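There are two complexes below, and they share subunit A, which is joined by subunit B in the first and by subunit C in the second.
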Partner chain A sequence: MKILVPVKQVEILDEDFDVQDDGRSIDPDCIEFELNEWDDYSWETALQLMEKHEGTVEAVPMTVGDESADDGLRKCLAKGGERAIRVWDDSVAGSDPIAIARLIAAAAKKEDAQLVLAGTQSTDQAHGQTGIAVAALLGWPHVAVVSALDYSAADGKLTVRRELEGGVEEEIEVALPAVLTIQLGINEPRYASLRGIKQAKTKTVDLLSPADLGVSTDQLGETGSAARVRRMYIPERSKAELITGTPPEQVKRLIEIVNELKGA
Partner chain B sequence: MMIDGNHNPEDVTRVLFESFPGWAVGVFYVVGFGAIAVFLYGCFVQYRKYARGQSLRKVLPPLKDRLLQMVVSVGTHRTLRRRDRSAGYAHALIFFGFALLFIGTATITLEYDILAPLIGLKFWHGNFYLLFSLALDLAGLWLVAGLVYMMARRGWLKPPKLNYARPDRAADAPDANRSFYQFEDWAFLCLLIIIGITGFVLEGARLLWLQNTPTVWDYRWWSPVGAVVANALSLVGFTPEGAGSLRISIWWFHAIISLTFIALIPYSKAKHIFTAMSSLALRDPLPVQKLPPVDMSADTVGASKITDFNWKQLLNFDACTKCGRCHEACPANASGAPLSPRDLILTLRELAENTLEGIRQPEPEKLIAQGNGVFQVPTETLWACRTCAACVEICPVGIEHVPVIVEMRRALVEQGDMDPLVQKALQNIQKRGNSFGETKKKRPAWTKKLDFEIKDARTEAVDVLWFVGDFASFDPRYQRVSMDFARILKAANIDFGILYEDESNSGNDVRRVGEEGLYQHLAESNIALLNDCDFKRVVTTDPHSFNTIKNEYPEFGGNYDVEHASAFLARLLDEERIPLKKGLDGRRVTFHDPCHLGRYNKGYDGPRDAIRKLGADLVEMKRCRDNSFCCGAGGGRIWTPDPVGKEKPSENRVREAATIEGLETIVVSCPKCMNMLEDARKTTNNEDNFEIREVVELIAECLDDSAISVVAQEHVAEPA
Partner chain C sequence: MADILVISEQRRGVLNATVAEAIGAAKELASAKGGKVIVAVLGAEPERIIPSLSLAGVDEIVSVALPSSEFQSDEYEAAVAALIADRTPKAVLLPHSIDSLGYAPALAAKGGFGFATDVFGARYDGDDLLAVRQAYQEKVHVELEFPGKQTVVLTLRSSAFKAPEETGSPSVTSFEAPKADARTKHVTFHEPAAGDGEDLTAAEYILSIGRGVADEDNVAEFEDLAGALGFTLGCSRPIADNGWLPKFRQVGQSGKTVSACKVYVAMGISGSVQHLAGMKHVPHIIAINKDPEASIFSEAHYGIVGDMFEISKELKAQLG
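Here is the complex of A and B:
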């Protein structure tokens, strides 16, 4: 069985950051990238399956992004796996989650994967759509927000668990092929040592273009996306204030605030 | 004149096989050679076991220095007397008694079996014999006396460290119980004492038997214990003939049991005679200060199998005498963590015994050293260590536990198996060069609160390059110490600078966690930076950075003159370069030695000199200097909280300090100790009783003659 694990390099903002002049994105100088937290868990899930069913399960991480996204794939490969896939060309820029999902679904077909393990959501955009859209595009069953998983190689079935409101758990049996989105806490992701990350540089990352996957450019980028970011802005700060100082100073400030609110 | 004129001095000697029929002598030799063969085979098995380990990657000092150091340690028994004087002296009695008896027996063999038959040389008679006889008698007495004390210690005194209770196993684990070692201990003591006592009985019986031989009887008091036994035998009714037949049976008993002992040496606790001495002779002067290098291009890193340890470590495992000194000193063990350095060593010894002593090595899975099975070390045990080196410091036989633990951690790091919080800290360091996960820009933010600017050592030449370190840069409490240190240096007109944003975590703790790749990256980037700067010496308030820059950076091409702030400040105080306006007026303080400054680098006196110079009344805690009790922060443990519900090492320490009557201040000299002890002061409800202050802060306080301390002023001046 082959498992495809789509991962994403997410944006981490500096404490002080600026919105770009176009009003639709953040100044890249204020951004650092790191692997999406959920993807640490989905990749760990795939690795554990691969280790448990040694020789019969193969896990391949993939990402959609420019070459800076290779870092995320290296981090995955540092922990295990032999090869990764990165999909990119300029037409992909500006894609919404559904457009991205088209590329992932196409990759899953090309790779002949039977299982796609995506993170439930990304820490930066938090749409929570990509994984589910992949399932829809492939016409595969999907289970979202999975908190435990068991695979039986004999009957090719997955048993997964989900946590519901009020402490109830649900157990679902899914036939393959399928798409799961993985929740935080499903396992304890391992650490990628710096030596491992350096050694992962010798592993292959296949660079594919949308054309290689048979996805046409009009289904990608802003043209191929139904959703478009119109504006990005910092909302006005709320009025909360931390009152500090000696107790008499604090009382003084408190009275000032009360008076201000009273309009005095 | 020892020999009186009535006999030929040649005649005063001891009979060996007198009255033995030829076949009996023959039997004795057969048994003797058999015992020696068993002994030699056992030695070979041990040798083969050690040879299955890796070669040494670290260069040790020249052999002659190490041998000298070993001879001095054994000769003076200095390592054995530490923190357990009576056991040390009793061991000295046994050791020297045994050694003399061994040399004595060897001398007899030399004359009787080698020199006499070959070249006809005989020296074992006359005055030499008499002195020899006296010396051996006393040696036997020492031996028995030492053994009696050891038996009393085990039987009546029962120090808890000898009950072999294991903190690293659940009560129902199949190997939870190590009390079988007590059986071995008793068997060892009993065997030795039986050898000693039968020796004396034999001697007494022989004397009585030869009562009518003046060259024997007239000189019996040269064997005082034997003579007393002879008299006693005669008192209880033994005739010379009776003593003669008693002699024959005791002779055989004594001979067989002694030969059995010799044969068993390599198979039992007795092997520590050899392994302990070898272990002492293989001592590394910087076992924890400078961790063993790693071949980063090898297929695997660290030790996950027993054969990943080097031969010296395998020998170390066999040297442990289970004395429990490390067990008692270990802060992890004291705070209920599943780690005892002794049990760790014994587990690895047992694994090696069970896998590497056979003709063939078992399959690789059987060699795995890390795990939850029998003869395996659990992960939690490895992560519980604070690399405080208390175990290495006190081990009387020179076992180096910390490199063993770090090698095993290296393998865990390679497998990615570690606490999520440690992972987080390491990822922060990977990404941002500090464990706090702050941006590089924020590293020098604390300097903005000073009313002067610190020189930028990256662009300007300075005398003193101050390596600030993570905690001193980012920990809010310790930032105040950093500011005070800056003020003192300025007041003393020191030309100093810092590395601002470009400094990275020094890597000391990263290396001790076992993340060698990251450590090397940090060391290399700091070294590249430092090598581009112009300075005379590096000074730091952080003992962890101090240790790695001083002891480990040279391996990566960073050779600097490094000084810890406490020693540097003590020197400035001594030279009266710091303009003090007042003293501390007999303030009652105690000093907590940081492991990385004290035990690691023998920096015991710098902080104490400074404290005394300021006029404080320094009262020592019971555990101080080399026996200081770790605050619990070392070895990466600063990044993981200690389990709730158990006394933390820092709380244990603060409670110890709290027993000092009228204590006003616990003085520390390390950012991590500060962090841990401040916390423990609160959790032990000592907030109103005393404060935790840095040596630096005490000095800064005396820069100012106002009644209120600098720290207190700052509190008022900075409400935000």
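Here is the complex of A and C:
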């Protein structure tokens, strides 16, 4: 069985970020990148399946992004796996999660994958769309927000738990091929060893274009998207009453407030 | 068309409260363009839910009987896709929830609809429908448009829209959902493990720590602090996920709602929508965070921009 794990480099804003003059994007100088928190868990899920079913399960991380997104793939490869896939050309720029899902679905077909493990959402945009859209485009069954997973190689069945509101879980059975979106806390992601980080540098990242995957340019970018950003802004918000001063002064006031509120 | 279709959602017979709020949002949008508010009630026994959704402003309730007693993504997706084809609404509103995360993206991707999730604002600008959501941990708001899309699917954040207060008398019709191939099988529900004697939902004074605590070894420091203040210790999700504190101490959407809490102190917690879901109703919230832009400050009543460790040490010193 081959598992495809779509991962993403998320954008982290620094303290004095600003919206650009176009009013639709953040000044790129204020952005740093890191691997999406959820994807740490989905990649660990794939690695554990690969170890448990040694020799019969292969896991491949993939991303849709420009050259800088290779960092995220190398981070995955430092923990395991032999190769990764990156999809990009300029026609991908401006794609929303639905358009990106077209590329991931096409890659899953090309790779002949039977399982796609995506993150539930990303820390920067938090759309929570990509994985389940991939499932729809592939025509595969799917379960979102998965907090536990068991795979039976004998009958190609997955028994998973879907995490619901209030911490209740629903146990569900689903047969392969399938797409799952993985929730935080499903496992304890390992740390990469120094040796692993070194080895990752020599592992292959296959670069594919949308054309290689048979996805036409009108299916991508803003024309291929389900939504378009019209405006981005820093919201005016009500703010807490700030307690200022030196820490001893702040704490003195804090204790007064707490005592007042407790009616002491 | 200018009609707005609301899709109901329930679990184990309990209606999701955001459905009524979606009706409130639908009313606003429909009246702006002279459309109707249509509410589709999906489930094994829609008739049990229909009375509680007969709210002011609803023109029609469509009863859609489904085979499965609990949410099944393929059945929901097929039924809603068929409803959209039949009614061609301008917008389809559903709660942003675990269930909608499980089928709305499939619906939108297959149908080629406009689509946005976790939406907390919706309005028309001329004939263009616009939706507002957040990005970058609530630091930025994003207004989305849906050029060329006949129908737009929006999942709505809970507590963002106001549910109609009065009841109404909508007409009730029924709709036969196409037969769907249910490819996932519900086995059972598992309840979360109970806390050993400690119940966050009953605690009046809670001090919660978040990822700012940085290391498992630092947790004890705040356990002591909570003790010194006479507060119950709570936490955000990463602290429970890391196993630094037991799951029953987690506050938020997938943890506890601190219903009895009077004073909530959040230290090193950014203020994600999922954390807020469990505590934003608390009448007195005090936030301590080193990032002045952290969104928790817009929900808190008092705030200290500072280092939680420094504040903790000073607090202990002054409390003696």
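Here is the rule we go by: the second predicted complex is superposed on the first by the 236 of 264 C-alpha atoms of A that agree within 3 Å, B and C clash if a C-alpha of one lies under 4 Å from a C-alpha of the other, contacts with A are read in each partner's own complex, and residues count from 1 in each chain.
Heads up, the rule we're going with is that contacts are C-beta pairs under 8 Å (C-beta built on N, C-alpha and C of every residue); 3 or more make two chains touch, one makes a residue touch a chain.
Everything numeric in this text was worked out from a predicted model, so none of it was measured.
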Touching partner for A:Y233 - first (subunit B), second (subunit C), both, neither: second
Partner chain in contact with A:A153 - subunit B first, subunit C second, else both or neither: neither
Which of subunit B and subunit C A:A211 touches, first, second, both or neither: neither
First, second, both or neither for A:R190, with subunit B first and subunit C second: first
Which of subunit B and subunit C A:K79 touches, first, second, both or neither: first
Partner chain in contact with A:E15 - subunit B first, subunit C second, else both or neither: both
Touch count on subunit A, higher of subunit B and subunit C: C
Subunit B versus subunit C as contact partner of A:E34, first or second or both or neither: first
Shared contact residues on subunit A - subunit B and subunit C: 15, 188
Sites on subunit A touched by subunit C in the complex: 11, 13, 15, 17, 19, 26, 97-98, 101, 120-121, 123-133, 135-137, 141-145, 159, 161-175, 181, 184-185, 188, 226-235, 237-243, 247-248, 250-252, 254-255, 257-258, 261-262
In the complex with subunit B, residue positions of subunit A that touch it: 14-15, 32, 34, 79, 188-198, 244-246, 249
Of all residues in subunit B, those that touch subunit A in their complex: 296, 301, 413-418, 420, 422-423, 426-427, 430-431, 439, 515-518, 521, 719-720
In the complex with subunit A, residue positions of subunit C that touch it: 11, 70, 73-74, 77, 97-98, 101-110, 112-118, 130-131, 134-137, 139-147, 149, 183-192, 205, 229-230, 237-238, 240-243, 247, 250, 253-257, 262-263, 265, 284-287, 291, 293, 295, 297-306, 310-311, 314-315, 318-319
